[in-house]
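Before I ask anything, here is the structure I am working with.
Chain naming follows the written order as A, B, C and D, and within any one chain the residues start at number 1.
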Amino acid sequence: MSVHSSLGRALSLHLWGESHGAGVGVIVEGMPPGTPVDADRIQAALDRRRPGTSDLVTPRAERDAATILSGVHDGRATGAPIHACIWNADVDSSAYADRHRIPRPGHADYPASVHYRGFNDVRGGGAFSGRLTAAYVMAGAIARPLLDACGIRVGAHLVQVGPERAEGEATMEAILSCAKRPGLACAEPGARGRMERCIRDAAAEGDSVGAVIECRMDGIMAGVGEPHFGRVDALLAYAMMGIPGTKGVSFGAGFDAAAQRGSAHNDPYAWDDGRVVCGSNNAGGILGGITTGMPLVFHVAVKPTPSIACEQKTVDLVSKTAATLRMEGRHDPCIGVRAVPVVEHLAAFVLADILRGEGRV
Amino acid sequence: MSVHSSLGRALSLHLWGESHGAGVGVIVEGMPPGTPVDADRIQAALDRRRPGTSDLVTPRAERDAATILSGVHDGRATGAPIHACIWNADVDSSAYADRHRIPRPGHADYPASVHYRGFNDVRGGGAFSGRLTAAYVMAGAIARPLLDACGIRVGAHLVQVGPERAEGEATMEAILSCAKRPGLACAEPGARGRMERCIRDAAAEGDSVGAVIECRMDGIMAGVGEPHFGRVDALLAYAMMGIPGTKGVSFGAGFDAAAQRGSAHNDPYAWDDGRVVCGSNNAGGILGGITTGMPLVFHVAVKPTPSIACEQKTVDLVSKTAATLRMEGRHDPCIGVRAVPVVEHLAAFVLADILRGEGRV
Amino acid sequence: MSVHSSLGRALSLHLWGESHGAGVGVIVEGMPPGTPVDADRIQAALDRRRPGTSDLVTPRAERDAATILSGVHDGRATGAPIHACIWNADVDSSAYADRHRIPRPGHADYPASVHYRGFNDVRGGGAFSGRLTAAYVMAGAIARPLLDACGIRVGAHLVQVGPERAEGEATMEAILSCAKRPGLACAEPGARGRMERCIRDAAAEGDSVGAVIECRMDGIMAGVGEPHFGRVDALLAYAMMGIPGTKGVSFGAGFDAAAQRGSAHNDPYAWDDGRVVCGSNNAGGILGGITTGMPLVFHVAVKPTPSIACEQKTVDLVSKTAATLRMEGRHDPCIGVRAVPVVEHLAAFVLADILRGEGRV
Amino acid sequence: MSVHSSLGRALSLHLWGESHGAGVGVIVEGMPPGTPVDADRIQAALDRRRPGTSDLVTPRAERDAATILSGVHDGRATGAPIHACIWNADVDSSAYADRHRIPRPGHADYPASVHYRGFNDVRGGGAFSGRLTAAYVMAGAIARPLLDACGIRVGAHLVQVGPERAEGEATMEAILSCAKRPGLACAEPGARGRMERCIRDAAAEGDSVGAVIECRMDGIMAGVGEPHFGRVDALLAYAMMGIPGTKGVSFGAGFDAAAQRGSAHNDPYAWDDGRVVCGSNNAGGILGGITTGMPLVFHVAVKPTPSIACEQKTVDLVSKTAATLRMEGRHDPCIGVRAVPVVEHLAAFVLADILRGEGRV
């Protein structure tokens, strides 16, 4: 089974591309005919994950201009597959010549070489490159008008970078506005400064740091989703785990739920202006895989960038000896920073798919 | 889209059943013809999640005898769908009459009522009942001979109950042997005692506690899986989120990876007797969604049992007023305890599906 | 890939069972909660394919009483998977002992033995048995209320048995009423007599005959379906080819379209009481895979029953010598006769799935 | 559900494109890493369906140069999705302005307008254009090395054009060699002349004719496929029905099987040099959906080109009055002619998918 590049059922995406090939693209199928497809909005979404925008991310210059190749006529979805892509600029692939021989720790080089029997394109990470996440962002940007039409908002920001954490619950307004500011997307200003310092410190030492991203979706009606393998949380977790570097996903109280008692964890119901609400949101807006009508809140753990300048121990797969590796080049010191818009857009895509499958959009 | 009861591609399962209906069953498709199907082994797996076996779980007596209805002839898979089920004993459904009216906090009653427009069967939790996890266990027990044939072992145990944690890395031997002992499945004897006390304390107060389950798979060859949405970790996370009560899934260092630096997180490669190994396993045996050949290790956060004897605040959906609820009956004080074999068998099923899809079993 | 027992997307079915095992069943997922599930209607549908009802079909007595095991409460779909089955009576399987050794011509014995490496259950045809079509009928009977709600009617009848053909276009009323009469379902009374004689003649000689079934669906709105692999005709053809014995499927003018000129084949549009209609229906109600609003009409070619009393040449796979075979027992002289309700119900299921996927039911 | 542009499971394809948009492309996923991807072979396949090559097809000049955008490195599949496309030349779309208003008989204009609520791109037929079949051909050409490696050959040719039929069984050699000659692909030279005349006569009168294509696959091992919805014939029929203009598909004796007796239809088994063979091939190489080891033979009925120069009756959807239409332009007088390589390549793709799913390639 090799359908590794497809996601979604009623609304689906299919990826293609490599870091050092012709480009990276995504085909989105299932958009209702007539839905506006706004090239500026797709571009604005892409720009949020673009490198080179501050000293917190890699200084590589990538223009990443979205091109629409099919499925749109007069600014609206025709109902046919929508194909969006970014072309790659000319790149220097010489540095990747020996990835099959000297695998980088923390990267997929070694397992991918085994899986693909040495035929995978290792230049720039090939199909494993974080560059593929541009496709996730474009797909999400294409799908978002479906959420807008229901009054659903989706936002993401950093709640942890290295050991630095944001405390307290961020409002949707704070999350959405921090995405528009330059610098790190964190809704708590105090934490933001500490996070930025943490990244700069690691970068200065040729090292990297991990992060936790919080995603919040509000305005979702109660009753969306199904049990077992149609759970909203299961579908989101599956998609999030597809973002390179993700090591965990949790909903609501998440792993902290383990230490809670039921009397503290259960969210009590109450009436609010004729609407059923919960007095707390340990569930993260999901019970039995179905939305409760409370904001959907989840967290994604992102590991530190595996590409670091420090010397690392590895192996030479040809000579069958030990080897060391020092990775030159311009890398993101914290991949979590640029993963924020990826989490947000991929989550938006997944939710739009679920809503479309239920005939709600 | 309503394919909420199916999982898997090359090897797939389809669920049916409710808590208070005729029974609960699972159809497994894709087993190689000739694979032994051992009724005793399936029954032994089921017995591990059976209630009434100690004072740590609900005293309800459920016999849960597995019946094979199709796909097996002379003790071997024929290649046709294998249908295994357990029949329900006569049950008293009177207590569930008002679930559509007075939803239980922490349960799916309210969102399910909205989703199914009041037509869902609420008796005993209906299709949301933890009883459905017996189907996951049977499916996993059917699939396990495929893993055995590759020398892959799968074990799960509790590493946290309430605030009590097991420290240190458990060996596979310790994990497998703790499953065979009576009482709580935890590979660290000291923690086990503390966990049992924690559960008894909560139960005595009519309350419940959460848990974290660790699952470990060893003997997996490097190179299994694919990037994006064919990732081994994504497929496992998706399945685990389908277990009622799961609030999070993480791999290797998991959420702790956020606080790590790349130089500490990256697992260095080395040679061990002609085989590539890692000096640590922060990756949890997975890089880029593909196995590294190291043990696959992941954690599942399970919330406290929502059914508690303490009084809880809720709403009356008919009179549109506030209400309180006190749940009588015999409930598990920690659903994490009986979820251990569920995690283990569902993980085994998912891995068998992936291996079968790659033509390895 | 072994998902051979599942059909459908928004509304899906999963089969299980064998001819000489515990029974035959079907799980239907995706029925809107609240839809009436009428056991009598399911039984009435099953009774139409039941053997032993006339001298035109096998005299075997099979009660085939439908049992609902899940997904229905108080006579309505709950939204959970609906599981319907028929149990097998005690059967004598001794006659099947050497199917792996002496394959029957025209049956799947030989290719199935190779595919399943000799592990398939050959008793009564195992999973290849026509008895599995009872599951198709139950699934269709469960789905039909969705079509009723849209005013869509589905009927099937025989238009050819051996060389005997019905001429002229049958009305839906004639098709539906012939299903209720005893004897052969053919809307043209004259042809019906000739067809019955043809079957009796073949039976008297220990031989069998083939047939062509016409299926007609009316009341379908224009605009249902999508191009390429979402075509209504492609989805119907795929399902029909899953009925044992089917050798071809065609829509509208079908194979006769090859001999037509475009000027004769193209159906001219006209207005009829404010509605767009076609002056002819060579398209069979489908253009580009999408419904035109005209009746959907297709034909299914069914081969002669492979089980015949005449002596046939075959091979002995053990001794590797030539062999002859004479099949005793009570077989249908024309499997097309009992396939009529199967075609009708499976077509109804497929259409209900498509409509549900488009959010129309 | 809108996954209308995807086909296949272990080996899958995803289409994009329109007649008058940027181009037409296909993503192929699941090719074993290391498989040669030969651009010349893909181009040669495309050239067989290219227009402008004789007076039997439309004189439109389309260069149709295949471009590979991803998934190939150093001439071999990397394991990542392979993306192949052809770009569209500048086209004049003015003639299509009123397709939403005055639908062409025999085309999908009217049902598509209803389905897509008027938003579909009607220029050149949009996503319904026969131009999309170039994507099928590229996908098949990419997959064919998998069949070559098993010694499987696939060929297609015309066996009927209008009323002119080829008689007798064509050998694989004759079929393959007729594809290489200029003019119509028909393995029987006498019929070929009659077919060409038939097309020229229709074209001279501004009319068109239908056709029947025969596809033959030999070298397939016995035992490929599964019953019900994994049948090789069902999967092929589904794919063939996705080719625009197809009105029917049949296997082996096909619709003629209806008039046969079982004693004539059943193919007797015999030994041939230690191999089980059939004395006839009424089954078309398939029993119970599984290959018998005999050549797989099927027929596809293709309707006459709907675009004809004769005046046709239609409707004006805006004024709600009757209308007439005369289609200018350069159309194929028989779409069956250029459909031959489409049938052949799409069949090759489907078979490669099935074999890959069974772990045979």
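Methods note: a contact is a pair of C-beta atoms (placed from the backbone, for glycine too) under 8 Å apart; a residue touches a chain by one contact, two chains touch by 3 or more.
Bear in mind that the values here come from a model prediction, so they are computed numbers and not experimental data.
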Open item on the list: Can you tell me which chain lies farthest from chain C, using the average of the Cα atoms as each chain's centre?
Closed with: A
- [ ] Give a one-word verdict, same or different, on whether chain B and chain C use largely identical residue numbers at their interface, taking over half shared as same.
- [x] same
- [ ] Report the inter-chain centroid distance for chain A and chain B in whole angstrom, where each centroid is the mean of the CA atoms.
- [x] 26
- [ ] Take the average of all CA coordinates in chain A, do the same for chain D, and state the distance between these two points in whole angstrom.
- [x] 39
Task: Centroid spacing, where centroids are CA-atom means, of chain A and chain C in whole angstrom - done: 46
TODO: Check each residue of chain D and list the ones that touch at least two other chains.
DONE: 1-6, 9-10, 15, 79, 115, 127, 226, 357
Task: Contact footprint of chain D on chain C as seen in their complex - done: 1-7, 9-10, 15, 103, 105-108, 110-115, 127-128, 132, 160-163, 202, 207-212, 221-231, 233-235, 237-239, 241-242, 244, 246-255, 257-263, 265-271, 274, 276, 278-279, 282-284, 286-293, 299, 301-308, 310, 312-315, 317, 320-322, 336, 354, 357-358
Task: Touching residues on chain A, where the partner in the complex is chain D - done: 1-6, 9-12, 14-18, 21-23, 25, 27, 29-31, 33-34, 69-71, 73, 76-81, 83, 115-121, 126-127, 357
